[in-house]
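In what follows, subunit A forms one complex with subunit B and a second complex with subunit C.
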Partner chain A sequence: MDVLRPFRTLLSIKHDVARSWQAKGKHLVGWSCAYTPEELIYAANSIPIMVSGSLEPSKHADVYLPINTCSFVRSCFDSALKGDYEYLDGLVISNSCDNRNKIFDLWKHHVKIPYVHFINTPHTRTEGTHNFFYDEIFRFKTSLQVTFGEKLSDTTLKNAIRIFNENRLLLKKVYDLRMKDPPLISGAEALEIVLSSMVTSKEEHNVLLKRLLAGASNRADPPKGGVRLLVSGSVVDNSKPIRIIEAIGGSVVADDLCTGSKYFWDLVSSHGDPLRAIAKRYLDKVSSSFMLEPGTNFSHTIEMAERFDVEAVIVFALKFCDTHMFDAPQLVKEFEARDLPVLYLEWEHSLSGSAQLKTRIEAFLEMVKGVG
Partner chain B sequence: MVEAKQKRRRRLQATKGFYKAYIKKFYRDAHKAKAEGKPVAWVASTFPVEILQAMDIFPVWPENYASLCAAKRVAVKFCEIAESRNFSKDLCSYARCVIGSLSDKENSPEEGLPRPDMLVASTGACDTHFKWFQYIGDRFKAPLHLLNMPYNISGADSEHLEKAHIEFYISQLKELIDFLEEKTDTKLDKKRLKEITALSDRTSQLWGEIQHYRKTIPSPMDARDAFSAVFFLLSIPGSPAAVEFYERLRNEVKERAENKFGAAETENYRLVWDNLPPWFDLKFFEYLNTLGAVVVAETFSHVWMGRLDPSRPFESFAKKYLPNFANCSIDRKIHLIQDLAEEFSADGVILPTNWGCRMMSIGETAVKEEVYRKLGVQSLIVNMDSTDRRNYDEAQIKRNMEVFLQVLNEKNQNG
Partner chain C sequence: MYLGIDTGASATKAVIVDRRGEIASQAIVPSGVNFKVSSEMAAKKALDAVRLDLEDMLYVVSTGYGKALVNSTSKSSEIACISRGVYRLIPSARTIIDVGGQDSKAIRISKDGKVLNFVMNDKCAAGTGRFLEIMSNTLQRPIEELSMLHFKAKKPVKMSSTCTVFAESEVVSQMSQGIKIEDVIAGLHEAIAERIYTMASRIGFEQDVAFTGGVSKNKGFVDALRKKICLSPVLPEEPQIVCAFGAALLAMKKHKEKP
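So, the complex of A and B:
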């Protein structure tokens, strides 16, 4: 279907897309964690680009990293070592996990990037941490201004907030296409749509989203549906694992991924001081597993499961992603208590061993269908 | 027989019977405090435990308990229990071990860990600390307070920390104290904090002196003793017991240094040891001695020291804890190991990784490269786990160690 193809294309030529923005005079700033305030980058006449990995074995990174390293950040580092991201004018990182903290140190040693900025993100929400985080965001603003010689005025910030909020609202509408049974778009397509928003200008992405929403209900080839699933995890930056699930009878209609619903679910307030509104949104947004809340808080995940009326859950634990792996046993219990069948799976970013994954998912789906 | 006697003679007197005299006592005291209704907090390292001590909150240190379970050879069993409950095999073995131990009181050494009234951790060392404690807190319905530490990306030492980082850390300490005061219904006594801070400072000073004497050739103290004795510095630094013990240890090490009496019969290779030891096999260091190698410095013995100014405890804690290498860019670790290798006249560096620990595993190749580039000193990366024996291939590790020492030997002869 034509209205969907552009998103896939954007992902398959993402480095060319980035370069084309550079040719139009934009600065390109890479980011790695969904807690990066992209609006600031956008307001600095720049395009924020998510640094992601590939499905290839990370043989360049293996020289520097032990095997017990998160395979996602390892793959990102591998791409960087291969020169895939040599066009970046800058890279912004934040302390969202041990893997990232330590690997981005290695970037400084082994990959040349003209500008690197670090944002300290607190792991709790109090008046004190909000003040500190605001100062961090202010520091980032100043640093972008100095580095790129661009002025980040209230007007440019408010404009960025407007465009990003529009993108978030449109993505929510796209997600809502999956409330139907069978859904109007597949889980793999939904993930590709969100991921493609991270490799180009949000303004342009909004145009594509509007076109999609206008044409989605007339699809000639709608997904065939299947067992309605929620996929829970941290980062999934490639639709392949979702495709595997959907090829064998699953229908991924919801997620709580950092690269999925958690990325766009919350809006920035359009009232008051824009910088304060941005700082508040990012610290208060739906928590990633590195944020500590009173008790274990899975409210977003539960909300997604209910909203999209799922029949079962796959907890998709990325190997060596400690914060998510510590949540997983609790999350499994949480769903079991709600009588939702749940499968706990550990997976490698490169999908090595995917035959075994497939077998386990197949057996799980059979079991769910049998119960239903 | 004669050999065995000589070996015994070489172990330090101060650390003789350490487990019975100090560790057992510590856990006995913890259970006693609990029984008497005193508040008990579980605490993770890289945390200003001095504040707990000043508020008479008993600080239980589960990381130590895991190492103890490893030494008693029950850690694997406990890890397996945790794994049967979906805690991944790739998670921190300390965490898995302690989580598993909660379901097997019968086999838990020292009657297990006393139930926490509260838990405290910081973001300074790793993600595991607070995620692990979050689970424990949920399980016992005990509150967890997390102290945010700004990540020290520049790797600044205590004299060059960013002002904003110090200020934020101090504001976080105030949040912590509010939490502790509320939970214990007592106010922090500033005078008492001063006293504890002074004791902790003295503890660090003495520990520093002990390390200093290990620069002597031959080294008067080995890693086996150091990994036991460092217990006080981490668990109860602000206590007369710590000061008393370290004074005794310092005197003995000093005397040995003056008499050039080494920890091992022969000291052909002086080594620096990073990260953790195999807690289930501390005899490994004696095996190294039989090959003529002595570990003269551990990063572990050097990152937990910090001089404190009792008149400014909060600022002192910031300066003690923020530059801990766990909270810093890899550059800081590289510089620390370079300094240790140089100051302790090391012939080689051992870089053990820790399977369930990203913080200790990532970056060791950079350390290896940079130490060699600056000093021409070789390193050996040893893939292992400190607590889960299943991730410890003893035969292979020993083979690699022997080959590594041969390489050092050839280098010494050629050069």
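So, the complex of A and C:
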């Protein structure tokens, strides 16, 4: 049995998967930013669904958006306008980056959605912002209870924390399969595994992860390996760019993506008040580039590079992901100070111009290998 | 003998080298819309010149946009091929500026010819040969004349945009205002030189600086870029075939390394 197939399948039929949970009586709540406390949604008898885009060039969204809009959120909005997410019972918005904020303003206006909740996420970490964020989480809890008529008790919250933490620990074990050379799973597969956790119940995902961990070492067709790479960036919600890298001799063994290691690296404390623990985890987690603490979010990236023993780094600068693009030059210096070759790659979410991307990646890999 | 084929966005180049790595023959044909056909044509032309067949080639390396469609022993990136070609022709070069039909690149190489770093233009025609092709069309002057007219300019115009589409309408409006064609052309050369200078500044310049690629055959452009970077460039005899030449050298190396 192919222990990896279920993850790909989940992604390819993600909207059907979501609907099937709805048919079983679950509420479906969309989210976009990794700072959304999904445990609360889960505790409200709901499935949190990551809203993502597609590789198709956006059509409908262009009518409403300026040209310099982040190509990821543009694609998400395009999917929403096409009706891909019409099944959602609710949507949680968080003020992470400006593009995302504004997109959801438009979303509320143009796409009918029964319930929309906004979480105000601080961009700094102080005692004051921690208290404020706890209040925001509390407000979210109340809002979910009122909207869905579900009771979020300490017990249901603690249960959600247990399931989500288990998922995080299992994903870490899956990532550790890439410490070997060649790795036991490819970078594209690893990304698909993480992404698939965002489109279904974590409990079901945990079952699949355990099966994968039991069977990964006797795979019939393990990855061939190649130049060990870390991919650094913000959002990569499709494995295609990683597949492109791995088809021409790269082997992506680590990342610092919001849709990768940053999504699951930190656990929620299982001690004390569950709501406080959730608030603390999300504000203190490995930070995204929208946080106003330049440099502090690099330590995780460097840790990933060292832990997975990478030879080089590809910085995926998503077109018009401004917070990340502002951070990138400093990050590049951090790598160079550690003698790690870096390729800075600007890319569009739809992967247009992939021939040029390929030329750059090929030349970079040749440079790292010192051949050519 | 070894064959290198560089299927570029605008022209396809083929170079055959002998076993000492000396150029035995070379050919340049337009790429058109079918890379497979143009690469076969270029190869045939180069082979015919030395009266050889493809079967006589011990190893073939293809590079450039259409490399995947070319029947070759192996494929390599343009960056690696250009660097190898320049290292052989101009061993003192540490920086390479290559301007082709659709791409412009800046490459830093070590004293033993290894690629240290590189940058490429974004998917945009500004700062490439396509920009000049379109402008030559707009001005209704063949591309070969741009160079000659450049040196007649007394007051080159300042282009406010290097976007190919906007620059084209700017050129039209300048011409209609009676600005001399040579001043417009020199302004265009300065605009693309500026663009390439900005891109290359990200990795910096170290002497010697070599210019390659088809656009480096345009002396007007070379003049504009030389002034912009304040360094005297070194130019190979035929800048357009350097990448194909590098591919042929790589073919030779790969054949010798073969177990």
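Assume the second predicted complex is superposed on the first by the 365 of 372 C-alpha atoms of A that agree within 3 Å, B and C clash if a C-alpha of one lies under 4 Å from a C-alpha of the other, contacts with A are read in each partner's own complex, and residues count from 1 in each chain.
Simple rule for what comes next: a contact is a pair of C-beta atoms (placed from the backbone, for glycine too) under 8 Å apart; a residue touches a chain by one contact, two chains touch by 3 or more.
It should be emphasised that the depicted structure is a prediction, and the values quoted were computed from it without experimental measurement.
By the touch criterion defined above, A:109 lies against subunit B but remains apart from subunit C after alignment on the C-alpha atoms of chain A.
Comparing subunit B with subunit C, more residues of subunit A are touched by B. With both structures placed on the common chain, the touch criterion links A:138 to neither subunit B nor subunit C.
Of the two partner chains, subunit C is the only one that A:370 touches; subunit B does not reach it.
Of the two partner chains placed by superposition, subunit B and subunit C are both touched by A:346.
Of the two partner chains placed by superposition, only subunit C is touched by A:362; subunit B is not. In the superposition on chain A, contact is made by A:63 with subunit B only, not with subunit C. Contacts of A:95 after superposition: subunit B is touched, whereas subunit C is not reached.
By the touch criterion defined above, A:317 reaches subunit B but does not reach subunit C.
In the superposition on chain A, the residues of subunit A contacting both subunit B and subunit C are 346. Put simply, subunit C touches subunit A in their complex at residues 65, 76-81, 83-84, 103, 114-118, 120, 122-123, 250.
Residues 63-66, 68-70, 95, 97-99, 101-103, 105-106, 108-109, 118, 120, 122-124, 126, 128-129, 132, 135, 289-290, 292, 294-296, 317, 319-320, 322-323, 325-330, 332, 344, 346 of subunit A are the ones that touch subunit B when the two sit in their complex.
The residues of subunit B lying in touch with subunit A in their complex are 85-88, 90-92, 95, 123, 126-128, 130-132, 134-135, 138, 143-144, 146, 148, 150-151, 153, 164, 168, 171-172, 174-175, 329-331, 353, 355-356, 358-359, 361-366, 381, 383. On subunit A, the positions that touch subunit C within their shared complex are 346, 352-353, 355-356, 359-360, 362-364, 366-367, 370-372.
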